[in-house]
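Pasting the structures here.
One chain, chain A, appears in both complexes that follow, with chain B as partner in the first and chain C in the second.
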Partner chain A sequence: MGGSTVEPVVRESVGSAPGNLAIASLARTLRCVECGHETRLEVHQSCPACLGPLAVTYDLSTLRGSVPSDRLSGRPRSIGRFAELLPPLSLPWSARLDLETTPLRPAPRLAEWLGVETVWLKDDTVLPTGSFKDRPASVAVAFAAAQGHRAVGCASTGNLAAATARAAVRASLPCFVFVPAGLPDSKLDPVRQFGGQIVEVEGPYDVANRVANLAAEAAGIGVVNITLRPYYTEGSKTLALETFEALGWNPPDAIALPLGSGALLAATERAISQLREIGWIPSGPGPALLGSQPDGCAPIADAFDAGSDEIVPVEHPRTIAESLAIGDPGSGYEALRAIRASRGAADSPTSEEVIAAIRALARTEGIWVEPAAGTVIATLRRLREAGTVRRQDRVVAFLTGAGWKISHAVALSRVGSAPIHLDPVHPDLSQLHVGPRPEALGGAE
Partner chain B sequence: MGGSTVEPVVRESVGSAPGNLAIASLARTLRCVECGHETRLEVHQSCPACLGPLAVTYDLSTLRGSVPSDRLSGRPRSIGRFAELLPPLSLPWSARLDLETTPLRPAPRLAEWLGVETVWLKDDTVLPTGSFKDRPASVAVAFAAAQGHRAVGCASTGNLAAATARAAVRASLPCFVFVPAGLPDSKLDPVRQFGGQIVEVEGPYDVANRVANLAAEAAGIGVVNITLRPYYTEGSKTLALETFEALGWNPPDAIALPLGSGALLAATERAISQLREIGWIPSGPGPALLGSQPDGCAPIADAFDAGSDEIVPVEHPRTIAESLAIGDPGSGYEALRAIRASRGAADSPTSEEVIAAIRALARTEGIWVEPAAGTVIATLRRLREAGTVRRQDRVVAFLTGAGWKISHAVALSRVGSAPIHLDPVHPDLSQLHVGPRPEALGGAE
Partner chain C sequence: MTTLVLASVLRQSAPSLHQKEYDGFRGSLLEFLNTVSAEGGPSFRGRIFDGDRLRRYLNVFVDGTDVRYLSGLATPITPTSRVDLIPAVAGG
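Coming up: the complex of A and B.
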């Protein structure tokens, strides 16, 4: 690491057998976030009483008052590092999942562009399939393995499909990916590379979801984002846990992150609340949670803007941020409540703003992200301009996906970058303006 | 890291100001690898006396007999970690280059597929632009910055173009990428994202190269793979240096790596020889260097096979491994000598074997590589089958690039992975065979 990466205060040799490190999960029950109904840690996709979303509860008494550096000493810097705060994963599996802690990078030049003094980027673009979905997919697959499932799967065509297929490889389980028939090959190539079985279902996405659900029951397939959803979403807590550790347990003023289903924001809120409960971060205000949706699909941000408690589904999402095109967000209410409770905000930049933000990030810090992460940076810029984020705030942005895979959004961003043409015999080299960098540091697009 | 990543024996807190760490380069001269002519550490693309390739020489006397863990203690785990063994980089720049040490991953299941007991993968797919070219590009750009160049550039349309444009962002220098006119946009998108200026030249690649050379002289542009070539190739040594540190300075029996220009293999040989000179690894035999070229462009491997000292250029390379399609390898003779001196070997698998190797790697270890790295794995399999590599050998393979970017090779590998079709009303779930994973671990494709 090093360079401009923030380092944790304590780093240790981890020895050669991290898989043998026995850290018991402190997970105890599933509890409905709507009605409070509690049930055992079994496969339930939603509350048996009211169909509300379920969350894993923990008995954290043994961690309360502990010193984080003592507790974490000697542990691998990977997904299993915070095993107490995750579902029971069967540690030998989780070690094989092999997701390393990602860098938290200071971003002084992006901070200038944003007009904020201190910005860190939690860089999940380096994960094996290029998005943060490796985290929830890995945790769900490891939980499925611990529960004795013989196969896993998902209903997705995007980042989650690749992440689930890859996690299944690490766990030596077959993987079934349920999709509507007729998708272009390019969407399914990563799944094929990792040996996942594509299962095409005639009809739209919700039919593929329904069939995935049937398959889960009939064939014993653990479908990570459906039947294993409560465990799956726990995996997303590790973004926040790693961030706080990298900052020496000194919370930032704000965390900016994307809102698709709302599950990442809700998971981030749970991580913060659990760290407060055990005393690893102070109680009291902050960090403010700043949620980002693209303007073509912003049901949560719209409810926040309107001061409403009702989230109105978007029937036909239209956005370049495909991974945020979730019209009826499953964890929307949780996310909306968490934003308000944290004194945070939500916003929904335009596609043009998203493209400008992707470009600014690439040209200031050298990191190329997919539109979902561009939406986060564009939202930060908006909230700074509106005064919601102050110049002196210390801000963390979650960069949830890499730009390499997203060709159509790239095509949109070609505008304004014409090549220089040179004659091969008499090249007019005066066209090559070498001097101060054209876009001054910290300046706008 | 952790999980199944091999850890160095010593890891330290690196503090918050790695840029202030003063490590002086021990580089002293440029020396021609053909005629031995020596010159100062200035911008020379080839030997002023004989036009042979130049290599940086070092005075390593101050390092001789030192203890690596003492020497490296407290240094950031990034590209500047081995600064003594690199060109003078102007350390504040190199810290900003921000290339973290990449994981060395044990690969027990790929080892089974290969029929070898111990395999580690040096995983450069996690680098910022998805290939090892981030290393030489970053070192060359940092050297250019130290030399007061006002701009950098390269003549390339592939991995190097993205890596140079990204390194230029980190160094706040303008970047000019010289290409033949008429390339598809998709090739140039990464350069545009990072704000690099495309310079189109009418004519084939060698004309673009010639114009880049003119521009270097006339406009003061440091062209990393042309005018800065001796410094550029030094950056590739860090792959080997990091590998040996991760193995506790206990060399493997063999290192398998791709051969394009031959510069990576030559750099690896220099790193090994320098580590021997300072006593950080034992003198004597090993590791054997195993070079890989695709069968459609194998001038170095063909010379090795023929027992010849002459490398016959390939006029029309035809291969899916585009980054290895270098018909007239600039460091070919160095590479050939290094392979023979190490008692290594070279081989040139077919495209079908490369695709099978990419798939085997993805399905055993969950890492998706580009064809150049697939060529390395396919070569290992060939050399094992031929008995050149023995079952009990401890082998390191350099995974030099990620698979995400390479759509055409992916299309080739779609064969044999037909989707299952399900009726939405009466889905026949018996088609979903859940049971032992179809391709047994360690089995062949």
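Coming up: the complex of A and C.
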């Protein structure tokens, strides 16, 4: 790659905040992914013409042919690094809500367990509330604050609740989170600590989602994944953008990621498309997008398996992967099309396979994830066994949530860890068996 | 009264229909939506129907339940029903 470079437009500095460069967004309009109807960059939930999903469009002409290392040089390691490819987020909101880049970790021991040669883990468990939802929540709340919203909120299976409540603190806005009744305290305690108002709705997530939809209008709340959804989903692109940069803009053969509403996968596909358009990654096939849903709630994976263009919603999801318990996926059709266009796949492992994958990841790479991310690893294993993923493939897995977030699923996977009880005065230290010294880890981090 | 509730994106083409109450209606959801569409005009109907089917990105709830889990357009509407028309693109 070569060609001219364009320096970022620096408008003002905001001290030591991570996003201390104001880089102009190249966003231009909202466009319906179904009918192509275009509208201004305002608050719209869906297409005014056909109700289809809206996506932010960008004029990428100033980036086309630029050299990424020149372009990004000197910028903070944060999501604001990619401001041209994000919605316009005026200061000071963008700086207050910026997030530091997360690690892309090589995972040789997990690769061995999976039966592939090269695996990297995009580790979003380290984000402030322990899930990738900090990304879309930050972008959407920054947009809401700049638009003058007096309150924000979300409909959530738990992770987004904490992320939105945190982002609301950063933006000094009140926050209302609509959740299905009965979520574990591990998901809701962060909301309480951040001062968010929890609104419990009897029924599964989709019912909470419907009530939030009505409340957004009646109460004037900027609901990040409803009324602000086109901007919210753009935040999820940063997972892919950071991943490609960490790989030197050399795309992997496959990216494995969870499917809840399908918004993350659709956003990943948009990031890839935009990077191709500006020439930062090569045109052509790949990476294959590998979507993962748990077998108790797999409307997108089921449609993929059936070769169908119709997604049949699941009225009563039953899964340990609560963050993926979305029976009526709002971005399901976009995700299904993106999976097929990338020559990827979708799969739905069982709870037992998910628990085994969580344990394998914890014991090979020392990363403890929640079941949504365990579903991703379990899907990779299944697709490798089926031959869909080849041994020589270079694979990235998005680890979207930390294991500490979900206590009861952890209880399901508690094995081999019965405590040894020692007397404090006469401890029987013969109970401690260290075992032989492990082999040296060649090629480890 | 059968009550119709419209999301704001649908109200734009038929503001008078939001929270409108229909006295004594009894029939199928299809019949109810045909009645509503006749009042809202072709533009409104076009946002609800794609041919003779409900639009893919429209969710219809009768008394809080998605009609895909009931009987679809054959779902019975009674004089006490509440019908919500809400965009499907939400959540996640």
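What we mean here is this: the second predicted complex is superposed on the first by the 361 of 445 C-alpha atoms of A that agree within 3 Å, B and C clash if a C-alpha of one lies under 4 Å from a C-alpha of the other, contacts with A are read in each partner's own complex, and residues count from 1 in each chain.
Keep this in mind: contacts are C-beta pairs under 8 Å (C-beta built on N, C-alpha and C of every residue); 3 or more make two chains touch, one makes a residue touch a chain.
This one's a predicted model, so the numbers in the text were calculated from it and none came from an experiment.
Participant: Given the touch rule stated above, what does A:Leu214 touch, chain B (first), chain C (second), both, or neither?
Facilitator: both
Participant: Should A:Ser66 be classified as contacting the first partner (chain B), the second (chain C), both, or neither?
Facilitator: Touch status of A:Ser66: no partner.
Participant: Is the number of chain A residues in contact higher for chain B or for chain C?
Facilitator: Touching more of chain A: B.
Participant: For A:Val126, select first, second, both or neither according to whether it touches chain B, chain C, the two together, or no partner.
Facilitator: A:Val126 contacts chain B only, not chain C.
Participant: Under the stated touch criterion, which partner chain does A:Ile367 make contact with: chain B (first), chain C (second), both, or neither?
Facilitator: Once the two structures are laid over each other on A, A:Ile367 reaches chain B alone.
Participant: Of the two partner chains, chain B (first) and chain C (second), which one does A:Thr118 touch, if any: first, second, both, or neither?
Facilitator: Touch status of A:Thr118: no partner.
Participant: For A:Thr350, select first, second, both or neither according to whether it touches chain B, chain C, the two together, or no partner.
Facilitator: In the superposition, A:Thr350 touches no partner, neither chain B nor chain C.
Participant: Once the shared chain is lined up, is A:Arg359 touching chain B (first), chain C (second), both, or neither of them?
Facilitator: first
Participant: Just to be sure I read the superposition right, which of the two partners does A:Arg105 touch: chain B = first, chain C = second, or both, or neither?
Facilitator: Once the two structures are laid over each other on A, A:Arg105 reaches chain B alone.
Participant: State which residues of chain A lie in both footprints, the one left by chain B and the one left by chain C.
Facilitator: Common to the two interfaces on chain A: residues 207, 210, 214.
Participant: In the complex, go through chain B and note every residue touching chain A.
Facilitator: 1-16, 18-19, 75-81, 95-101, 103, 105, 126, 128-130, 150-151, 166-167, 169-170, 172-174, 176, 181, 185-186, 188-190, 192-195, 197-203, 207, 210-211, 214-215, 218-221, 358-359, 362-368, 402-405, 407, 410-411, 413-414, 417, 419-424, 427, 429, 432-435, 437-439, 441
Participant: If you look only at chain C, which of its residues touch chain A in the complex?
Facilitator: 5, 7-9, 12, 47, 55-59, 61, 64, 66, 68-69, 84, 86-92
Participant: List the residues on chain A that touch chain C in their complex, please.
Facilitator: 34, 44-54, 155, 205-207, 209-210, 212-214, 217, 225-226, 229, 260-263, 312-313, 315, 326, 328-331, 333
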